[in-house]
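Alright, structures below, take your time with them.
First chain A sits with chain B, and in the next complex the same chain sits with chain C.
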Partner chain A sequence: MVKQILPKNLSEVLELISKEKYRFCAGGTDMLIQNHNLKTLPIDFKDNIIYTFNLEELKGITEDEDFITIGASESLESILENKITPQILKDTILQMASPAIRHSGTIGGNIGNASPAGDLLVPLYLLNAIVQLQSLKGIRSVLLSDFITHVRRIDLRDDEIITKIIISKINFDKHQFVKVGPRLSDAISKLSFLGAVSFHEDKVIDLRFSFGAVNITVVRRPEIEAQYIYKTKEELKNSVDELLEKYSEYIRPIDDQRSNKEYRKTVALNLLRNFIEEL
Partner chain B sequence: MKDIRESILKTDGDEKISGQAKYVADIRMANMQHAITKRSTIACGEIKNISYPELPEGYFIVDHRDVPGLNVVKIIFDDMPVFTEKAITYLHEPILLVVGPNKEKVKEIVNNIQIEYIEKEATFEWKNSAVQYHFDKGLGKSIFENADKIIEYDYETGYQEQAYIEPQGFIGYLEGKDKVTLIGSIQCPYYVKNAVIQVLNATEENVRVIQPSVGGAFGGKEEFPSLMACQLACAVKKVKKPIQLIYEREEDMLVTTKRHPARIRFSAALNKEREILGFKIYCAIDAGANIGLSGVVLSRALIAGTGAYTIDNLDCSGDVFITNTVPNGAFRGFGAPQMYFAVEMFMEHIALDLGIDSLAFRRKYLAKQNDLTSTSGTFRDPIIMNEMIEKGMEISDYKKKRIEYSKEKSTKGIGMSFFFHGCGFTGSGEATHIKAKVRLKKDKDNTVYILVAAVDMGQGIRTTLRKVVAQILEIPIDNVIFDFPDTDKVPDSGPTVASRTMMIVGGLIGRAAKEMKKRWTETEFIVEKIYEQPEYIKYNDETFRGDAYPAYSWGVNIVEVDVNPVTYQPKILNTWSVYDIGKSIDDRIVLGQADGGLTQGIAYGYLEVMNHVKGVIKQKNMTDYIIPTAMDTGNMETVIYENPYAFGPYGAKGVGELTLVGGAPAVVYAIEQAINKRIHKIPATPEYILEMMNDGKNRL
Partner chain C sequence: MKVVNNLTHSVDGLGILKGRAAYTDDLADKNSLIVKVLRSPHAYAKIVKIDSEEALKLPGIEMVLTHKDFSRVPFTRAGQGYPEPSPHDKFVLDEYVRYVGDEVLAVVGSDLAVCEEALALIKVEYELLEPVLDFEKAIDHKSIIHPEPEAHEMFPIGFEPLRNIAASYHMHVGDVEKTLSECDVVIEETFFTQAQAHVMLEPHTVNARMDYQERLVIYNSTQTPYHMRRIISQGLNIPLSKIRVIKPRVGGGFGGKQGIHGEMLVAYVTYKTGKAAKMVYTRKEVFESSYTRHPMKMKVTLGADKSGVLKAIDFHCLSDTGAYGEHALTVFMVVGSKVLPLYNKVDSVRFYGDVVYTNHTPAGAYRGYGAIQGNFALESAVDMLCVKLGMNPIEFRQLNMMKETETSPIFEIMGEGTAGTAMIMETCKLEECVEKGMKLIDWNDKYPSKDMGNKIKSVGMAIAMQGSGIPYIDMGSATIKLNDDGFYNLLVGATDIGQGSDTVLAQIAAEVLMTTMDKIVIYSSDTDLTPFDCGAYASSTTYVSGNAVFKAANDMLEAILVEARRILKSKEVEFDGVLFTNELGETISLIDLSNEITYSEDQKQLSVTSSYVGHKSPPPFMAGFIEIDIDKETGEVDIVNYVSVVDCGTTINPKLAEGQVDGGIVQGLGMAMFENVQYSKKGALISNSLMTYKIPTRVDINNLTTVFVDSYEESGPFGAKSVGEIGIDTPPAALANAVYNALGIRIKTLPITAEKILLAIKAKERN
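Right after this comes the complex of A and B.
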């Protein structure tokens, strides 16, 4: 039998994980499904479990001049309802799961699960989110794009827990999140797209794109984005074909029970084109 | 007196909303054991050897050696074994049950049973035909010799999963020494009872079947539950304790019956005036590993071959193919949804090829009263489709939208389907095969009991049958009791299928109530009624000739969509439906059928994807098998027309299946217009639409 622990505070958690291997269960909306058992039998956890949904230290949404900090156990619902939350995150959360799942599911869980189709990862990559990890040894901050190393693999040591997600405060002139799911609510993305841009005197000063579910993790290419800084809107629009070609190489979706490669790739690039053309 | 169509609260609403309703998985019995099925891991071959782990005290293996009677499930064509002896014909075929007190332990034993197979090459192509049908109307195919022009197209439809909320399940126990009682999530108590009698080699008295609350069925609980019940009955006989056999969602989706995929070829012979002389229709369906009731599905499909139209000369044929895939079975619509998609698209495609207005073209061939049906029977009752179509076009602003959406830039489309559904069993089935019997019992205290085997699976029959009786007897509905069917207490009024319950069973109950009313002063008595076919209904099952159904319900569905040009996703904006169902017994309950049926029918056309790769079903849970949510359905408006059928209660005809069968063609018409491409295959998913945009044939 695995151990299941409902800790009182973060230091208890840090003690426990410094000695023995545990996995965390926050909202459980991924964990319970991945470890589901036959009806009426208890959840089939394969590892020791620490429940983290009510740890005060993992809660809270705060801001200072430059950053917004979100506790790892904040639910999607409370992030959606918080005034501080940037619109770009709200737009994404509104299209995730269902109200019931949003009530339980957390931001830390979406990151911890590291699914290629994790929707919240798409704006978090775009906002250069930093993941804060804590252990008895101290605090470690990692860029989300470095933290997620592969499909469902994260750079988390056994003695660490995700405590906070930090994003910089940026306002874009225009952003657009499109989730392409098989139906309009409560469905896993076939793919998703987020574009964001800001201009100063008709010149591009910030341009970012991220794509979900078209590669092992979110596709974000700052080096491509950088090539279009200081272009005029017109120049940007005129280079849309070239831009698509550059991204094409990184959009490498798979065939699965939900969709196919051709569709995912074509639509991802269509969405990019559409975003630029509608500027 | 109030018009019976005025809605009342559903009589089981409170118990369901409050959570008090008991479904089979809620039932706990003293000493209850758990059963889990061990299944094959190959699609085709033979069992070479089975090695079992040591069984602790109180744990049992139940397999083909424990079947006292015939090792075959009584369906329509009896070719499904209760437990396979050796041969494996599809992936996840049931081999044995493990039964014991601790479910965790049972699971462990199942996982530790090692089976060696001799694997054979599985057949997934449609080449082994097990049933062939052919019938003609008029001059049959010889009319093609006179044709000035022949148009021919192929159409294809996929699986559909019933996706009932409650997975399949049973609990079984012994009453006394010999009697096996089964409580299960079922549509047809007597199908289960008769199947179990044959398997146990038991007497009538020694098998009892009881229905608890049922959480949806859609045909999926017509014949499949008989398999589980037979297995469980053998286990109960052996173990002699109460046993629960409840499927997990994934297990249910992998192993239970689905809608038959179909491939349909239509050819039309046309004369110089561009009129249809006749059709050749060929329909192939994939039965999976067993025939079961696939023959009936094929026949219902072929009978629906001309859709809502009258075509004078027909050559209709079809095959049921056996493949090494999960057996397919009953599903709301029963062959008609496949065929309506094909025939409606074909009519449209002919009109497009001829360059003529498709609506006028289709309306010209609409069936009229006294026309001959596809099986050369007669549409005896009035057909009011023209009025219904006008109504549908008016409330949807159809004409204007149709023109507007044909502009090149438009991403919207609107489509309209015409259809009917034959009510009750095909041909003489009701009279010769089912022979429905109902009873109405009056008690000393003037309480009236409805004694029928009809199952409420959510569709509302527990409300509407009581309404019929209360209204005829002019007594409060609370004085009319309709308990869950129990084969020890109710006669065999037939299965709860084929849109027959209100029209046939309700018709009999209505007649029983009328008789009861005449004898009301008697203190305690029972009225029994047995189905008699109206004299004029004659049908030959072999030749497919005559009146295939005693009555027909009719419908018009209109669907308006917007197809996103960037993502190719169709969005349903609005739907309008007009139905002739004879008489509504309760408007809200009819609307429940209308909204649910159309949603399921439209989703069949564009949303619900299920396929197999070498016999492995790819969408095996509700995450991957996508059914629509309320956000996907758009606004729905339904108009109900009354056009009473003489033998239905208050004139009622069938509703349940009618509301599904026209959804797919209506939505695909709309999508075709929106994308200006021809569609020959459903579901018309965004992936398929993209394919069409790249190399499909233009609509215009």
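Right after this comes the complex of A and C.
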């Protein structure tokens, strides 16, 4: 029998994980499905489990001048409903799952699950999100794009837990999130696209793109984005073919049950083109 | 009318909302043994050896059943008429497994966990055989799927198992080839449809127990309880009189429960051990191991003259029945019989082809069977012909389609499994349906399309017809009994599977008896207590069973009037549903009358039984119009609106009728654009869960506009025809036509996914 723990506070968790291996269950909307078993109990965990959905230390959405901090166990629903939440996250959450799943599913869970099709990762990459990890040894902050190392693999030590997600407060002049799925609700992305841009006196001062479900994790290429800073809108529009070609190399989707690579790649690049052309 | 065609609540809605025990598994014996099937991992194999020694040692394991436990009695699991038009090609368990998910053996244990444990301990050795996975290569394939000598047909259906042909058919009127050669414009196109899944909410469920009279009582989530009883009796050699089948409330069937699934094994276990037993399919089993819609390849050739008069239809169809031949011929024939008469003015028409076996999940009955496939092919082809003719597709249809008082020779030639029945269309409001639909969708403004930048808006349409039961085959009956206190029991064999037939049939009785719904207590589908009914399929219940109820209620009315005349000593008695009055103004109430004949004077039980068998099958008709927005970047289709204008005769219950059409449209749209059936190279179903098989959700369907035209079918109860299936037929063709109207791209293989649209756009750009 595996242990299942409903801890009272974070220090109890840190204590437990410093001694023994546990897995976390926040909203359970990935965990319960991955551990679904009809034979025995409906849920058949293979590892010791700590439930983290009610840990006060993992809750809360706060802001200061530069940053917004979201507790790892905040549900998608409460992030969506919070005034502080940037629109770019709200636009994404609105296209995730369904109201019932958004009620339980959490931001920490979406990161912990590290699926190539994890929708919230797309704006979080774009916003240079930092993941804060805690253990008895202290606090460690990692850039999300470093934290996720591969499909479903994260840089989390056994004695650590994700506590917070920190994003910089940036307002873009324009952003657009597009999710392409097999249907409009309760469906995993075939691919997704997020573009964001800001201008100052007609010159690009910030330009970012991220793509979901077209590679092992979210595709974000700051080095390509940087090449277009200080270009005029016109120049940016005129270089759309070149831009597409640069991204083309990194858009390397697969064929699977939900879609095929040709479709995914074509659409990802179409969405990028469309975003630029409509500026 | 006070009850019929009025807002009337469902008889069972509140109780179900309150969570009352209603469904089959709610009623299972708490101590039921669990019957769990080991499913084949191979598409085609012979079982060489089964070692269940270790499994049998597990405490709690009662038995392991293999093909050796059953005598070799082939049967068909299809429950539709007798003799059955489907080949008898299935054994309870066999030494061959014919698809991934087929039954290898069954374990019987005290709970699910021990059964699963046992399944893991059983070792099965297989000899792998080459599967037939491409239905276009099935005929005369070197692998024969049913080589067993016992398999047979009950009457000629074109069964040629050694060629992998489950059934075949050919009909013609006139000389198609000659007519085609004389046509000014001819098109020939080929269409494909997929193995759609039913996705009813309640999985296949059955449980059984022995009662104290040593009879086998089976609770069963089925659409056809009487056929179920007969098939179990024949398959297991148990006298029919020893079996009682009770159908509780069913959580959806859509045709998927018009056949046997776990029933044989559960019935066998209980009959053999005397212990209660049960089986509930997992969702995976529902997908892999029940039925699908028959996938088809359809080649349609149409010929017209320059003025746009359709002269000839040549329709070749190849249907894939999967590993077993349930409904092979009947579904096939409906492709022709419920589609081709739409264009009844042709000089010649031919319809022919084969139904083949493959090593895929068996196909069976599914709402609108045959009709939706045929409609997709024919109604797509008609639009393609219009392009070549340079003619507006609506004008073409108005010129060529079926109209009231007309007929088609096809009705007489083609039935379902047998010859058909000639009939004139007493009601056919197709012209009105088309006209109204054009207005509601704003056709003239939107046809063919509008470029809106990133999106293109377009419209498309199709017309359809269905039937109302199978003439001379489908029979329904009803018993009505008067109780003291003046209320009635209505006992029907008809099978409510969630579509609301209990409500509709009670409304018909209440209307005839001039009473209110609370005075009609309906009980349906219990083979010991209710009179025979063929079951819920072929859009038969409202028309066939409804006519039986109509007759029974009139007979009851006559019977109570006899009593009233006797009591009031008068030949002229009037009745208003509550009070009997004679010419002298003397009265007696129904309550007093019923109490008197129950308790005080000349006591008797008033009870009548009537039956109805249709001598025709008046088709409902509809026109379906879709408005879509296509995203040029992604190829995604937004459904903006679906307009359905339906002629189903009188809507006995307008809300339920609307629900039937809306549900049909959504399910049809599912087939048209969402439900992508995928198999692995080895023939396993990949889309075997609700995670991988996507049916449309509420947010995918923006708006449904469903209206009914005035129509009164003299032969139906209170003027009703049927409405259960007609809704599903038009979406695939209407969508395909709308996609063409938007992009000039013709997609001929369902489902019409964003991938297909986008890749077609790309291919078009390259050319």
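Operating definition for what follows: the second predicted complex is superposed on the first by the 276 of 279 C-alpha atoms of A that agree within 3 Å, B and C clash if a C-alpha of one lies under 4 Å from a C-alpha of the other, contacts with A are read in each partner's own complex, and residues count from 1 in each chain.
We take it that a contact is a pair of C-beta atoms (placed from the backbone, for glycine too) under 8 Å apart; a residue touches a chain by one contact, two chains touch by 3 or more.
These numbers come from a predicted model, not from an experiment.
In the three-chain model built by superposing on chain A, chain B clashes with chain C.
Of the two partner chains, both chain B and chain C are touched by A:257.
Applying the stated contact rule after C-alpha superposition, one finds that A:270 touches each of chain B and chain C. Judged by the touch definition given at the top, the superposed model places A:9 against neither chain B nor chain C. Of the two partner chains, chain B and chain C are each touched by A:183. Overlap of the chain B and chain C contact sets on chain A: residues 38-40, 178, 180, 182-188, 257, 259-260, 262-263, 266-267, 270-271, 274. Across the interface of their complex, chain C is touched by residues 33, 38-40, 98, 178, 180, 182-188, 190, 257, 259-260, 262-263, 266-267, 270-271, 273-274, 278 of chain A.
Per the touch definition, chain B reaches chain A in the complex via residues 25, 36, 103-104, 107, 246, 248, 566-569, 571, 607, 609, 618-619, 623-624, 626, 628-629, 631-632, 686-687, 690-691.
Of all residues in chain A, only 38-41, 178, 180, 182-188, 257-260, 262-263, 266-267, 270-271, 274 touch chain B in the complex they form.
The touching residues of chain C, counted against chain A in their complex, run 112-113, 116-117, 282, 454, 632-636, 674, 676, 678, 686-687, 691-692, 694, 696-700, 754-755, 758-759, 762.
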